[in-house]
Structure formats: C-alpha cells, structure tokens
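Should a chain be cited, it is by its letter among A, B, C, D, E, F, G, H, I, J, K and L, assigned in written order, with residues numbered from 1 in that chain.
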Amino acid sequence: MRVLVVHGPNLNLLGERQPEIYGTQTLAEIDAALMQEAKHLGIELRTTQHNAEGAIIDALHAAREEYDAVIINPGAYAHYSYAIADAIASLRVPVVEVHLSNLAARETHRRTSVTAGSCKGYVAGFGGRSYLMALRALQEIVKS
Amino acid sequence: MRVLVVHGPNLNLLGERQPEIYGTQTLAEIDAALMQEAKHLGIELRTTQHNAEGAIIDALHAAREEYDAVIINPGAYAHYSYAIADAIASLRVPVVEVHLSNLAARETHRRTSVTAGSCKGYVAGFGGRSYLMALRALQEIVKS
Amino acid sequence: MRVLVVHGPNLNLLGERQPEIYGTQTLAEIDAALMQEAKHLGIELRTTQHNAEGAIIDALHAAREEYDAVIINPGAYAHYSYAIADAIASLRVPVVEVHLSNLAARETHRRTSVTAGSCKGYVAGFGGRSYLMALRALQEIVKS
Amino acid sequence: MRVLVVHGPNLNLLGERQPEIYGTQTLAEIDAALMQEAKHLGIELRTTQHNAEGAIIDALHAAREEYDAVIINPGAYAHYSYAIADAIASLRVPVVEVHLSNLAARETHRRTSVTAGSCKGYVAGFGGRSYLMALRALQEIVKS
Amino acid sequence: MRVLVVHGPNLNLLGERQPEIYGTQTLAEIDAALMQEAKHLGIELRTTQHNAEGAIIDALHAAREEYDAVIINPGAYAHYSYAIADAIASLRVPVVEVHLSNLAARETHRRTSVTAGSCKGYVAGFGGRSYLMALRALQEIVKS
Amino acid sequence: MRVLVVHGPNLNLLGERQPEIYGTQTLAEIDAALMQEAKHLGIELRTTQHNAEGAIIDALHAAREEYDAVIINPGAYAHYSYAIADAIASLRVPVVEVHLSNLAARETHRRTSVTAGSCKGYVAGFGGRSYLMALRALQEIVKS
Amino acid sequence: MRVLVVHGPNLNLLGERQPEIYGTQTLAEIDAALMQEAKHLGIELRTTQHNAEGAIIDALHAAREEYDAVIINPGAYAHYSYAIADAIASLRVPVVEVHLSNLAARETHRRTSVTAGSCKGYVAGFGGRSYLMALRALQEIVKS
Amino acid sequence: MRVLVVHGPNLNLLGERQPEIYGTQTLAEIDAALMQEAKHLGIELRTTQHNAEGAIIDALHAAREEYDAVIINPGAYAHYSYAIADAIASLRVPVVEVHLSNLAARETHRRTSVTAGSCKGYVAGFGGRSYLMALRALQEIVKS
Amino acid sequence: MRVLVVHGPNLNLLGERQPEIYGTQTLAEIDAALMQEAKHLGIELRTTQHNAEGAIIDALHAAREEYDAVIINPGAYAHYSYAIADAIASLRVPVVEVHLSNLAARETHRRTSVTAGSCKGYVAGFGGRSYLMALRALQEIVKS
Amino acid sequence: MRVLVVHGPNLNLLGERQPEIYGTQTLAEIDAALMQEAKHLGIELRTTQHNAEGAIIDALHAAREEYDAVIINPGAYAHYSYAIADAIASLRVPVVEVHLSNLAARETHRRTSVTAGSCKGYVAGFGGRSYLMALRALQEIVKS
Amino acid sequence: MRVLVVHGPNLNLLGERQPEIYGTQTLAEIDAALMQEAKHLGIELRTTQHNAEGAIIDALHAAREEYDAVIINPGAYAHYSYAIADAIASLRVPVVEVHLSNLAARETHRRTSVTAGSCKGYVAGFGGRSYLMALRALQEIVKS
Amino acid sequence: MRVLVVHGPNLNLLGERQPEIYGTQTLAEIDAALMQEAKHLGIELRTTQHNAEGAIIDALHAAREEYDAVIINPGAYAHYSYAIADAIASLRVPVVEVHLSNLAARETHRRTSVTAGSCKGYVAGFGGRSYLMALRALQEIVKS
C-alpha cells in the first residue's frame, strides 16, 4: 500500500511558528514519526510540502495513479480553496483531511473547511498525532 | 486509565437507521469493538447511550471524578446544544468528539458543531472506527 | 391499523395557556376527539405528551415496531431539534407534523420547522382539528 | 356553502410534470375527486387554474362576494408573491393554502411561503389529498 | 409570598467550573444566601436545579399553581430553548431571568437570549447577587 | 401636460380592504379627487388599475409616447418586481412612486422598494393625498 | 397652525456641497421658499438646523408644546439614529420625514431609514420641493 | 427541427431603452437575424415577446408539444420568478437562457438567476449575438 | 461612596412619552426615589440627563476622578454608540447598564446593546426600580 | 486574429474526473476541436492549462501584447480569485468566461463567479462546445 | 500650508485609557510632536478634540475655508457616523483618516470604517506616529 | 537595517493597468523611489513582485531570517488569502500592509482585508507614496 501525505502552506515553519498553537514539533519530526509508523504498518509513504495552491493541486493529480490513499493538511487553504476541493474530488482513492489544532476552538474563519466535504474523513486537534491516526485508519479502510 | 464513551441521540438505532449513511454496524457491535480494543490497551472502559440532552450532561458531570478521558458522539446535539458544550468545558479531562459520517459532506446544518470547540480533538467520517481512533489517541495523550 | 400521537412541550397546558392563540380546547378534549374519530375509523390509537426532547425521541423509537403511522406536534422543538428530526427520519412508517396555530402568521422564529423536512406531510392552523385531519389522511395513505 | 379552489402556475401540467415529485394524478383527476367530495359534503365547488399572478389575484377578489371559503395552491408564487398574499389578506372568508409535495423536504427556496401567513391554515405533502383535507376542514370551520 | 428559583444546566458545578468566569461561590452557597434573604423578606422560597430542558419545563408548569413569582437562570438554554420560552410565557406570575456573568461581554452566541423576551425582567453580571436582586425586585413587584 | 396614474394590485379593493391600514376612501374617490385636482391644475389625467404585473409594464410602455409624467403605486410589486423597475427605468419622463401607508412603519418585507430606485421621487404615508402631492410636484417639475 | 422644520447635519452646506446630488439651492433659499409658502397658507413656521444629534432631539422635544406639526430632514442620521427615532415617537403631533435626493437610487446604506418608521409620512427626491410638499400635506392633515 | 424563442419583459423596447447598456439593435432586428440564421441552419423558428410572467409560462407550456428546443431571455424575471423556473423544469426539450448584457458586471440583484438552474445552458453579454450562439448550440445538441 | 447616574436621550420625557411602554413615573420621581435610597444607604448620589452622545461621554469622563461607581441608562444609544461603549471601557470604576423596559421583549433593533459589553452588569425590565436594584448592587460590589 | 485559451485548475483531468458532471471528452479533444475550428475561421490559436492561480495571472498578463482576445475557463477559481479578476480587468482585449457545466444548476458556492464581472461575456453548460461558442463570438466581436 | 487635526471621542483620555491597546503617550504629547513636525515642515497646524459628533461636523465645516488639508481620527464614530462621512465628503481639501491601533486586528465591529470611504487615504496601527505619517503625506499631496 | 518589499499580483502592470485608479507610475518607478529613500535612510532594501500566492508565502518565509521588517502590498489576495495572513503571522519582524488606492472607497469586496489583521499597521490611498510612508515608519519602529 502506498500513501501520499501533502502538507499545505506555512507548515514548513512548524516548531518555530506560533508554538503556543501548533506545538514545538517540527515538520521533519512529524515526517519522521510518519515514516516510522508507515514502516511498522508496511506502508510505502511519501511526504511533500507546498506553499502554493497550484503545487498542491498538481501533487494531488499525480497521486491519482501512484498512491492508494492520501492524507492532506490543507492549512489555511481549507477555508477557501474550492480548486483544491475539486482536485480532491477528482481522486478515486480515499483522502483524509487532518489539522494539528482543533479548528472549532479558534477564530471564526477557521471553523469552516470547504475541502473537508470532498474527503472521506476528518481529524483535527491532536497535533502531529492527527497524521498518525489518519494513516492507521486509511490502512484499515483500504484493506477492508 | 478509565475512559467514558457517551453515545448521543438516535445512536441506539445504529444498523437499522439509514444504513446508507450510518452503515450496518450496530451500537452493540461498536461497543464490543471498543471493549476489545480497550482491553488490548489496558483501558477501563464504560459506554453509555442517551437520547436526552439532560442525561448526557449528567453523564459528563459524573465523569469529572471517575474518568481520565471522555469520548462523545453528540449526534444531532452537536449542532445546537450549548448546554452540552458547557458541560464538556467544565470537565478537566480531555474530551474527543467523534462522528460516524463525515459531516462536512452532508446537509448544511450538519457542518457546524457548537460542541467541538469545547473538546480537545475531533474525528469524523470513519464509521465505528472513529471511536477506536479517538480511544487510541486519548491513551497516548493522557500518557504523555 | 395502529397510530401513535406524540404531543410535545407545553401542550399539557392547552386550554389555559395563551387561549387567544391556542384556543380553549384542552389536551384531554383533543385526545377524546382523536379517540372517538379513531374508533370511528377502526384505528387503534395511543396518545402521549412529553415536555422532554429525549422522551419524545424515545417515544418515536418505540413506535418503530408497534405503530403503522405517527402524528407529532413537536411544539417549539420544531424550530431547533435536529435530534427529533433524526428520530423521525429513522422511522419507516409515515409521520405527519401538526400544529394548532398557523405558524406562518406568527413570530419569525416560528416560521421554520427543522423537523417537518423528515415528515411525510404537514398540517397547521386548524386548532385541534389539525390532528383529526392528519389522522384521516394517514389512514388513507397507509391503506393505499 | 360555496368553495373556490384556485390552482396556481404549472399545475395544469400535473401528471406529466416531474411525476417523481408531483405524482401521476392529473389536475382533472384532482378536480374530479374534489367535485365528488364536495357533492358528498353538500358543498358547491368551483375550481380554476391560472399561470398568471394577476389572474390569481382577480380570482381571489371575485371570491369576496361569491364564496364562503377558498382553497389555494399558489405553486411557486408562494415563495415571492406579496401581491397574492395581500389579495388573500383582503378576503373576509377563510383561506387554506395547500401544496402537493412537502415543501419542507425540498430545495431551500421552497421552504418559505410568503402567502401562508395571510391564510387560516396550511396543508402540504399529501398529494391531491391535500385539497380534500382542506375542503373538509373548511366545511367544519365555516359551520362552527 | 412564594417564590420558585430554577437553576439550569451545569449550575450544579458552580464553584469548580471555570471559576475565572463564574466565581468560586457554590450553588449551595447561593441557595443559602437566597434562603436567608427570603426569610428576611418573609418569602417562602424553594430552589431546584435541572440539567434537562424537559425537567425545567415541568418545574415551570408546576409553578403555575403554587408560586407567586419565579426566578430562572436558564444557563445555556437561554440561547436556543424556545420550549422553555413558551413555558415561561404560559405562566401568569412574573418571571425574572438571571445570569451570573454579564453575557454581553462574552462569546457571540451568548449575547442572545430567546427566553428573556418571555420574562418580566433580566439581571446579569452580578454573580450570585443577581438572584438576590431579582428576589427583592419580585417582592416589590408582587406587592405593588 | 398629460399625466398617467397607475394603480397596482389590490388597490381596486380600497375602502373595503383592511380599512384600519388603508382607510375608507375608495379608489373611485381617489380618482375623483385626482381628476378634480388635475382639472384645477390644467393637467390631462388618466388613471388605470391593474392586478397583473405584465399589464402594469404594458401601461408604462404605452406611457412612453403619450404622457409627460407618471404616478405609480406599485402596491406589493414594489417589494420584488424588478421587471416593473426596468419598465420605469425605460421611460424618459419623470415617474413618482406613491404609497397610501407609511411602509417604513409596517412589516419588514414592506420596508424595501426595488422600484423606487428607478423613480424620480417617492411619497408615502398620506393616504389618497400621496397621489395629489405627487401630481402637484410633477407639474412643477415638468414645467421647470 | 404652527410648524417646526428641523434640518439635520450638513444641510447648512447646501448649494456648495456635492451640487450634482443635492442641487445648487442653498438652505437659506429653501427656508425662504418655505416661509413664503407658510405665509401663503397662513402657517406660523420656524426653521432650525443642527449638526448635532442631541440638538435635534432637544428641538423635537421643545416642539411637543409649541408646534402642531414637524417636518424633519434627518440627513445621514436617518440611517442609524434610533435616539432621534425615539424622540419623534414621543411627539403627539404629526411628523413628516423629507429628503432632498431619492435615497432609493443611491448607496446601499442610504436605502434604510430607521427614523421614517416613527413618522406619519415620507417624501424624498424632489429637492427643496420635498419640504413644500410636506408642509402643504401637514396643513391638510392637521385641519382634517 | 423547431425552436421557440421567448423574449421576456421590456425587451420590446430594445433599441430605445437604455442603449448604453442594451445597444441600439431593436428586437425586430434581433428577430430578423435569428430568422436568417435559422433559415441558414434549416431550423423552423418562432419568436414571441411577453411582458407578463403568466404569458411566458403559457408559451413555455405550449412549447412542450410543438418545439424541439427553447431559447429564453427572461429579462428581470430571471431574478425572482420561481414560477418560470418551474415551467422550464417541466419541459422535456433543452432550454438555453440568454441575456444581452453581462449580468455579472451589473447591479448586485442582477447577478443571481433563479431560472438558469432549470436550463441546459446560459449565454450572457454578447448583445443580440447571445441568441445566435444559443441557436447554433441547440442545433448541435439536439442533433447529437 | 459616590455614585453617578447618567440618564440618556429622551428620558427627560418619562411619564408623558409612550406611558404604555415606559410607565407614568417621571424622571424627577425616579431621581427622588434614587436620592432617598442613596441617603438610606449612605451613598452620595448625583443624577444627570443628556440627549447628546457627546455630553454623555463627557459626563462619563468626568466620573473617572469623582465617583466610585456609575449607573447608566443609555436609552437608544445602547444600540449603536460604540463611542459611549469606549467611554465606559475607559472608566476604572464599575458601571451598570439599566433599562426601564425589558428590551428582549421589544423590536428587534432593541435586542442588542453594544454598550452592555463594557459594563459590569445589566438590569432591564423593572421600570424605575431597575435603577434602585443597580444602586444597591453597586454598593455591595464596591464594599466587597 | 490571435486568441489565447486559458484552462484553469483540474481541467487537465477532464474525461476521467467526475464524467457524470464534466463529460468524457478530454482536454486534448477539446483543444483539437478548438484548433480545427480556429483553422476554419482563420484564427491563430494557442491553448494553455494551469492549476496555479499565479500561472493563470502570468498567462493573462502575457496575453496583453500578443493576443486579440482571450477565452478563460477559471474552474473553481471563478468563485474566489479576485486576483484573476483583476488580471482580466487589466487586459484591453475582450475576454469571455466559459464553463463546461451549467454552474447555476450545481452547489450553492458554484453559483457566484467573481471573475465573470471583469469579462465581456459568459457561456456555461454546453460542455466542450462552450469554448467553440466563445471562439466564434469573439471573432465576430473583434471584427466588428 | 494650513492643516487641521481633529481628534474624536475618548482621545482626551489617551495615556490613561487602556494603555495596553492605545499606549502611554498622552494626547498633549501627540499634539506636541505634531506641532514640532509641522514647524519643521513649515506647516501651520491646529489640533482640536471633540467627544460630540456634532462638534466634529462643525469643525470639519469650518475647515472648508481655513485649511488646506485635514487629519481626522474619528475614534469609534468611524464605525457608524454616516453624518461625519458626509461632512468629510463635503470638503474640497484632502482628508486623511488615522487610527492609533491597527483596527483590523481588533473586535469585529472595529474592522469597518464608514468614514474612510470619504477620505483620500487611511493610516492605522502606528500609535501617535500615524498622525505624523499623515501630516508628511498631506504636505507632499498638497504640494504636488 | 534590512527591509523586504513584497508586491502582490498584477502590480507588475502598474502604469498601464486602469491608470484612472492606480495612477501612471510604474512599478519600476515605485521601486526606484523606494531605493532612493532607503539609501537616504541608510536602509538595505530589496523589492520583489509575485503573482502567485505560494511565491508570496515563500518570500515571506525567507524574510524570517534575513530582514528586520517587511512591507507587503498583497493586492487582491488581501481579500481572501488566509494562507498569506498565516505566513505574515509567522514572522517575528514588523510587517506593514500598503495599498495604492483607498480600498474603503471602492467595491464592497475590496473593503475587507483578511491579511491586515496579521500586520503591525496599514496604509492605503497614497499611491506609490504609501510604500514610502511605511518605510519611514518601519525604520522608526525598529529603532525604538
């Protein structure tokens, strides 16, 4: 099983950016934890980070042929990018949207995700652990 | 570690109620899967189901002393029960909100959860598996 | 044929509560008229009144097995109880929503029913007669 | 007792128009059923169908002198015709608004009726039977 | 003169629940202060606390015959319970709504009370003192 | 100078329709007063009343060639008829919108006029006198 | 008969301020025309102009005893001054709101008047003539 | 192949009405161009213009039997006539909505078409050419 | 202890202005009752009434040095004066907002107070007694 | 005459992406049809597809010097990209917006185009034919 | 060159009022810095502070003849005073709106300025420096 | 001191794009003026222009290490790019948002900036001078 993880805008700054909200774990550490878990689960995993909306769409398109499942943290694009929502909807494999923080407890504009409706499921609020939860769930879903 | 699982209104009908949305798994089957996983993780687990808003608040209050974490599926109360939101906010232990279906992909009124903002995290769209994901995450959170 | 009639909150005060809006007929009198009409139509009828949202959901669930049709006057719950709406949607028998007064001619918040969309039909504005109209219609619907 | 039934726009196509929503009964069949029931109840009945808003207003005005009650299915005009609402409000006899389908379960724009607030009562969701329910209720109202 | 005090959901946790907002005074202490003041004013007082919406409606109904005035702190139900609003409107004795905190200075959803419009008056922001202010005012109102 | 007066829907019932709002003056009496005033001012006046939106548009179109000014009371069409608004905008002569009652003091939906923005001026709240005020003003405007 | 004319904020600049909207007539010229017409009608007239909301309220209060009717052009206060609206509502004599330009044809925020609902009538769009129309109408109203 | 073209309200004034928006081409000229193009394409074409909503509905109904495709310019009715939208939805042949001007670049109320959702396609902004584009497209659609 | 009472716009007319809403008690009578109660409580009290927003702000500023607490009835300014809200927020002593009528039971625009959020507490609906309740509460607050 | 066709995000997936909505025609097939038609019309045509908002803006800028007209299908960017709208507005040559599906008949968020207002015209709902219609129209517009 | 600086409501308290938001600089210190900079730039400067909306309008009117440019900090009036907006619009000299704090980062109601649209430019978030920036810019604008 | 200036989408067209709004100054001329002023102030300055949202985010991230302050003109991204807002919020150095035109005086959608709330300050309406004002202010802020 092959899984693609797409990290959205500003996630490259994880660990230094507003640590009181996003924690001190860096993206490299999250990727490392994901890699270790993937190895443990027998999953072939690739992670990628893009600040550009278009690059995220390209990455999702490329996933159509090569991956069995996708995890995406669309960052702030979750709140307005109908183009990413369309790209997700065009995939045939299951996609799970994850967020580090619990968006429901933050500013009003973060309480709506226009991309989540195109996904299979949604996990938010568990920090880097949100990705691991999605990964395990996707393995079970794809297997079943 | 002790965990309380609170199932909200109409979940007692799981399996027979709109199976095209909620699946054919019954609540008893979900509870059995939760129990097995809890046993596996060394967690003491109790599950309870209530159709009444007041009974859910009572159950949450009781959890203040006796549990280390709570999983709640507030069902439709998620969309308007500020009273349950306040009850969750009054707990000192972590609470995770779960939903069987991916609410972001359903009717407009289901896209807003007034209770999620009082929780630690949110998992939706994985059927009965949503509960298991929350359970494992809570164990890691409480341990850390 | 068996029909359940569920009267919602504050309807127990009928006759004394704001008679300029709801009329002077008591709930007992409405129930008596319903019983008489049911007898006349050869319908087995039971009526029940609950102020609690959870009790109304319980009553609707119970109706799943035992009744061929349901009449519900959700009172003010019509305007916000998505939990009752879900309970109605989980029934397989036809449900008709009735109101004593014509809600469209009253305060703004009364002009929207979140429960009516889960029902088969809707009757409002005919006082106690609203129930009788629903009863006769349900008989014809179930027969056909 | 004399009753006027006003059928609004597009109802002349009943039976062929979107039968999955409106059923296969034609307007002629509804009128025949109404006539038979009226005869049974000793009511003098006239039915009329108009696609034009102005013609519906004219028909309502004419009813001021000649009828003891009115049944109106304003069709889509229900959602925006304040002019028909005013015409109904200018009548001194009771008016009942009926709809074939349960508008609360359809598109958002169909969930609001600006004409219903000028009526005595409202019946929706029972197909052609909605008219018969209104007819019987009006007879009882006018008699009482 | 007899006065009923109805405490709404989550108020049983007063003193331990978010003391930075609601203070450290417990409900028992508020009730004791109310009892002492009532005694001083020659008022027969009963207090009751309910987490369930239906139980609050029941308590209000019971007050119809037995009390001369009611004080209600509807807690979070103030923001959506039209059923409680209807129950208050069905009483013939004066009802005063009280809140411990000044809701106008808190989250947006707390700035609207759908129950206050059915009451005689409204007091908010004085902690446990809000109840005492309402009690004294009701005595003067009933006497006058 | 030639002036056309267009009375909109339901105005034919003036005098009998909700006299507490619209007064007891009939349309014939208003027309007579207008005729007398027009004669006094040396104005050639024609009045016409239509319940149908299309007929009002036709009348306005006809006015393009034959009249120097138009007075229109669009009745309830004022609140939604963009088609009448466009017809007014297509005239080259000044048009004044009049209403018998002061719409700003009535129901919310009557507080917006989509036709007034296409007119030269607006007079409301003076009963039949609103027309006379518009007539005199138009004479002065056309003369100047 | 005594009439008070209250000119609101910025009207002192009439003639020089945005003449493409408000015309080149100065306030002194409008006042002169009003005085001449008042003399002609046998009306005792006083005009006053205030930029301050409080001064307008004071002027309206003073009118309670000394005038038989009031004409007010609240200028921009029309769009938000509920305090002036309350002051108008506290008068027992008829008040007419006038505006020089046709507000319905201007920016969105000018299309709502919160003060007009407290008035007897409303005239807009006739330049300085709006005042004269109101004056003549008030004379007829007070006389009748 | 037979095509019906329905021109909506105020289009009869084309050429003289606000030519800076709608151009100087008259409706007769548009019809002539349509006729010539239809002849060229071997299409049997009829055009009709109505200011009345009801007449447009009638024309659409008549098209059910006699035409293979319909072009409609609903004019201002596009913004509120759910009755016309229903009439279009009741046709079984393809309908294309056309507008002379690009509504998206005009006043806010013109940016929403409630009728377009019932059509096959939508063309706006090309003046009289909008009709020709629709005609050619419909021929290709019906042939395919 | 020194307390300032600020009466807002139109309150000088109390007793004669809409007595069905505001009662027949005059402002002088309210002030007398306040003075008597203040004397009884050992409070040094000054009352002032202003129709002008700016004068109310000035009065509040002056209170910064000279008073230990403030009672304000902002009248209609409560619904839009962010300037008064800022002035209240700039005080260091407790401020209580009072209203004679229960605003929650009146017109929609009166249900929001933009000033209340800057206050310590809020009392509404008790007529002149609202002030006395605030006065006694402030004494207890300042003492504690 | 030279024309640039800009295909927006996700259009590269045409044919495989949700064919029930977008059809089975691929983008290569649409481009081939466009090329053939361009050749037939004597137009020099270039097509380009970009998932990135910035790349679409760059392409539009480049068109300023080199093309006589532009066809753009902004895909989901139509619903929020004011930056693309500004880029279109900065061109001096005519731009036509096209969509494959009839957006008016789809989800609510697809019914608004913020880019269409900067264009000359708009064509939607004809599948790949939408582009051909725009191409022919642009040729006629540029020639005239 | 002569410049008028108008400080709005509550700015007289600068330095003591909520220093965590507005800083510790007093208005006298800001005025001194402005005077010094004006002297340096060869500008004749006058500053004035008013809590009253009417006084601010008066000051702006007076500026029409005597000043070459105006700087205004409308304080909270920025959020609702259309009367001040109209006064600014009536000036012929450039006006710049300044705010001490960055309103975009504060409460929702502070994010809209109804006065800024009548100004030449807008500067916010630089504390007392906002005024100096405006002063230098105005000199350059007036000179150019 | 090092300052980065980020020009957003479409600003490369400055001078040719809608000069009636944005002036005739080109971006090269603005950059030259900025460079000259920077030299004068002893500031090390770099300017960059990007049409792509992702490139702007990248540029802001890069500024984290290398610059002491940032000036950003987000162009149309100001109205919806929460991703750029997050990128600004992740910087530790002060950021000032500038706009050439006074957005408050333009179309409704331009009156809201979702990025300004993450900035230190905001300058709009002074053409190319807006940048210079920001540059000088930032120097003073960083120095202090």
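Following the convention adopted for this analysis, contacts are C-beta pairs under 8 Å (C-beta built on N, C-alpha and C of every residue); 3 or more make two chains touch, one makes a residue touch a chain.
This is a predicted model, so every value here is computed, not measured.
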Set of chains adjacent to chain C and to chain F:
D
Enter the minimum step count from chain D to chain K; a value of 1 means the two chains touch.
3
Have a look at H-J, K-L or F-H and name the one that copies the A-J interface, over half of its contact pairs being the same.
F-H
Same or different contact residues where chain J meets its copy chain A, judged by the half mark
different
Any idea whether H-J or F-H has more C-beta pairs in contact?
H-J
Fit chain D onto chain L over the CA trace and report the rotation angle, somewhere between 0 and 180 degrees, nearest 5.
180
Any idea how many Å lie between the Cα centroids of chain B and chain J?
47
Using the average of all C-alpha atoms in each chain as its centre, how far is it in Å between chain C and chain D?
23
Report the inter-centroid distance (CA atoms only) between chain E and chain F in whole Å.
54
For chain I, jot down the residues that touch at least 2 other chains.
52-55, 80
Identify every two-chain combination in which the chains touch.
A-B, A-J, A-L, B-C, B-E, C-D, C-E, D-F, D-H, E-I, F-G, F-H, G-I, G-K, H-J, I-K, J-L, K-L
Using the touch rule from the top, collect the residues of chain G that touch chain K in their complex.
8-10, 12-13, 16-18, 50-55, 75-77, 79-80, 109
In their shared complex, at which residues does chain G touch chain F?
96, 102, 104-105, 111-113, 116-126, 129-130, 133, 136-137, 140-141
For the complex, give me every residue of chain I touching chain K.
52-55, 57-58, 61, 64, 80-83, 85-87, 89-90, 114
